[in-house]
């Protein structure tokens, strides 16, 4: 059951060059949202750009009835969104199937790895908020990657939740020089029992390959172009493995955006 | 020779309900602009609304290099324009043939009537600025009409230039109850030798009829939908009397928007 | 009392606002935002004899004031639609119209036949104008004779009212409309999407997996209004007008041009409550302008022309 | 050194960016904003045998991301164009292409003949696709045989390169292109405007004096890119692509789809410097992407498809 919300913007910040964090009031949304779900956001009042933009729920403050998003300016829609510093923001949500944070995952022996690449860190913060609420942060290892140190997002916030973290940057300006997937590959044999990942497609592809090889379960959040966001238009087809063998299309907006790592067809 | 100007907005005011005055920096524009000329203004950065909007030059402060516009919100373009409170405004101008304020008019025996209806007052203020600079305000009679008292625009500013004024409102809330053209009809026999008018089409049609009947010359500023604003697209066709008899189309944007009252075909 | 009921070739609608095929799923997806009962009609996604996978992604691209889609008629096939999906809509007090498609005339007739008599189906909309499938679809929609043939076959296969959905990608839309009218269509639906494409300048490749796609949204509205206008003057069948309707005023353009009813498509994606707002907006317009029956507006802009 | 010169069916352009007919007057109006010498080519307003008054106002209407126009080929007639206007452009080091139109095949031939040998005329663009005049125009543009006939007549009447401008309002654009290619066209220009209309919901009347008009601007770009794409695959003539080009990236879409050159129309109204910005933008793109010749880009998006 998604809501249509005109949320009053209460904070607006440029968190890294071209990356914005916006918080708005939406108590009902805050109550029902689950990590990994997304919002479908209208960026203009006119007809151009026309479609809403899918943006993950980044953080939820249920006590204060606030919802936060963290997004990168990549095109016209996100550029318009970044300029909206006050007033209301028109969002539909929460949409999609988020991460499964049920106790079955947290109870497994071993630790959990949460892997984010670039702006892929956005939905992981909400996930970490929930994991901290229902589980033990000490059992969770957070791995974040980015191009450069100034693109590493929300490091402090994650640490404040009690998590330990390893970083990777392409230019080595902080943490490991190289891909965040290399950190994961090193970590997997150390008793990782479940992995959550979000980031660019090549990174997720590598994550899925490593997990399959190691026989470790996990889930990844995919991105596909979306029109309706609610399962009605079939725009957002992702190829996944069908139960009976073979592949078929699933809708990223309602069947995802989070899929079991083993089901995704790359 | 029109300019393309990105003028910094220095003031923004709602002068009457739904009527906005915006002033911006454009020294070169201020220098070359003539009363009755207009600007072609981009209201959105995207493709919708697409076209520029023609708006008259309302006031010019050559000393401070400022140009002012006064406009009414009627549709999407003007609504977007009204929201732009700072930053720059993208204008092309000055465009078109303005009012003829050459000495030939001012030197005639008799007085001059300047007649404005509603937002039609906008370009007349710049005309009055010029007439005050080169002539004698005492010889000029200003007639303004509007629906109601709160829609009478820039009364004080005109008085500050030294003009006397008569008002008409549809509801009689100030001045004569009725049309501003009725004031003109009464004034014409009192030695009026030239008339400038701007306002809605029915008003201008009446003005032209009165002038033709009284055999008094004058000029009126017409409105037509414009695409290019510079004479290239032939969008803005107005029917006017041809020299050799008959009628032909002239371009409001370069052959007008101000036409001799006697030439307009209604 | 204002009368907003219309009769679209035998389909009685409580108001003139339907949802456009392919943009509203099977209706169920939008129940979280609107009461389906309030709609004039629900037109569901194109249905074919067998299930279809659809085209490879990306399936959509945004364009100025519009979007391209190349879904490729992904659908579960007529058996599942008739057996599993329509039963979930049968309780609605809103007519459900099934959009049907196929590769051959026989395909259309087969789907029509399978839907004939299925409780909850109020009518069929023949999609002879889908630009996103290799065979069938637009092929039938670009030649008056083939269009008439499909229409006749479907009419013979069902007792349901049959709406034929026309493609704007033709030289002479009026000839198409006249041909299907002659072949027994009960109403016309127009327009389907315009054939378009977009190229990704960074990758130097078409954006869509299917290369070309169908253009919809406000960008196409002037073309759609013109289509309704022209056909209204020439062919005496009720018209379901669509193409870029976002607001009440847009819907009224179609009705004034000659549409008996309208369908809202792409707008659902932008504003899931668009249909309801338009239904209310039309009522307000009628009231404010002193009309008491929506049918008074149909084609009114032709008066004196 | 980057080579941006292109050859459009015998017309040598220093860069691939022209101005679209009817949107740039005779060029002189835009001299206040740009150096005309920098343009690849200037295509002037449609010219007919006798002067024309054009259609009654309103002649334009804004639509979502586009505009409708129904100018109706207002022009001073070929004699005045040849005698008074072209002489004012002859000094330019930029090819001037005259867009020609008429009611009959003979009209086209007559205008072509009168312009043959006029100094300063680099080529002709045959407008067989104007939706805004009662006779001629689009009529010729919707039937391959008539289009071929006009093309042959014009080719016989002039030694100038002849570009045929195609209408998108047809079922089979490729057939049109093939027919005029066969008839001797030196290049193709596409697209002219889409036939559209708008209705004023307050007055309940069509907005335009002419009722229908031609849709241009960004809204139509997907249709135009698709047209260029399809024709490039089927017909071996250089293509002048146009329809909604506002920016460098838009222009590149057309070139990657198969256009040898592009024309900028409606964008001039919004940004009078659009042409110049696009010329510079294309050069930058070539440089940044490691190309040294614009012709390497033409049709590049077809690679492997």
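Some notes on this structure:
Letters A, B, C and D mark the chains as written, and numbering starts fresh at 1 in each.
Everything below uses one rule, namely that a residue touches a chain if its C-beta (ideal position, glycine included) is under 8 Å from a C-beta of that chain, and two chains touch if they have at least 3 such contacts.
Keep in mind that what you see is a predicted model, and the values were worked out from it rather than measured.
Farthest chain from chain A, judged by C-alpha centroids: B. Contact count check for B-D and B-C (C-beta pairs in contact): higher for B-D. For A-C, the equivalent interface within A-D, B-D or B-C is the one where over half of the contact pairs agree by residue number, namely B-D.
Here the spacing of chain B and chain D, counted between their Cα centres, is 36 Å. Chain centres here are Cα averages; for chain B and chain C they lie 47 Å apart. Per-chain CA centroids place chain A at a distance of 55 Å from chain B.
For the pair chain C and chain D, the distance between mean C-alpha positions equals 33 Å. Counting partners per residue, chain A has 47-49 as the residues that reach two or more other chains. The set of chain C residues touching two or more other chains comprises 64-66, 217-219.
Taken together, the touching pairs cover every possible pairing of the chains. Chain C contributes residues 63-66, 68, 142-143, 169-172, 194-199, 201, 204-206, 211-213, 215, 217-223, 225-226, 229, 244, 249, 252-253, 256-257, 285, 300-301, 303, 305 to its touches with chain D in the complex.
Partner chain A is touched in their complex by these residues of chain C: 22-25, 29-30, 32-33, 45, 53-54, 56-62, 64-67, 69, 71, 74, 217-219, 246, 266, 268-270, 272-273. Contact residues of chain D toward chain A in the complex are 64-65, 218. The residues of chain A lying in touch with chain D in their complex are 47-48. Residues of chain B that touch chain A in their complex: 44, 46-49, 76.
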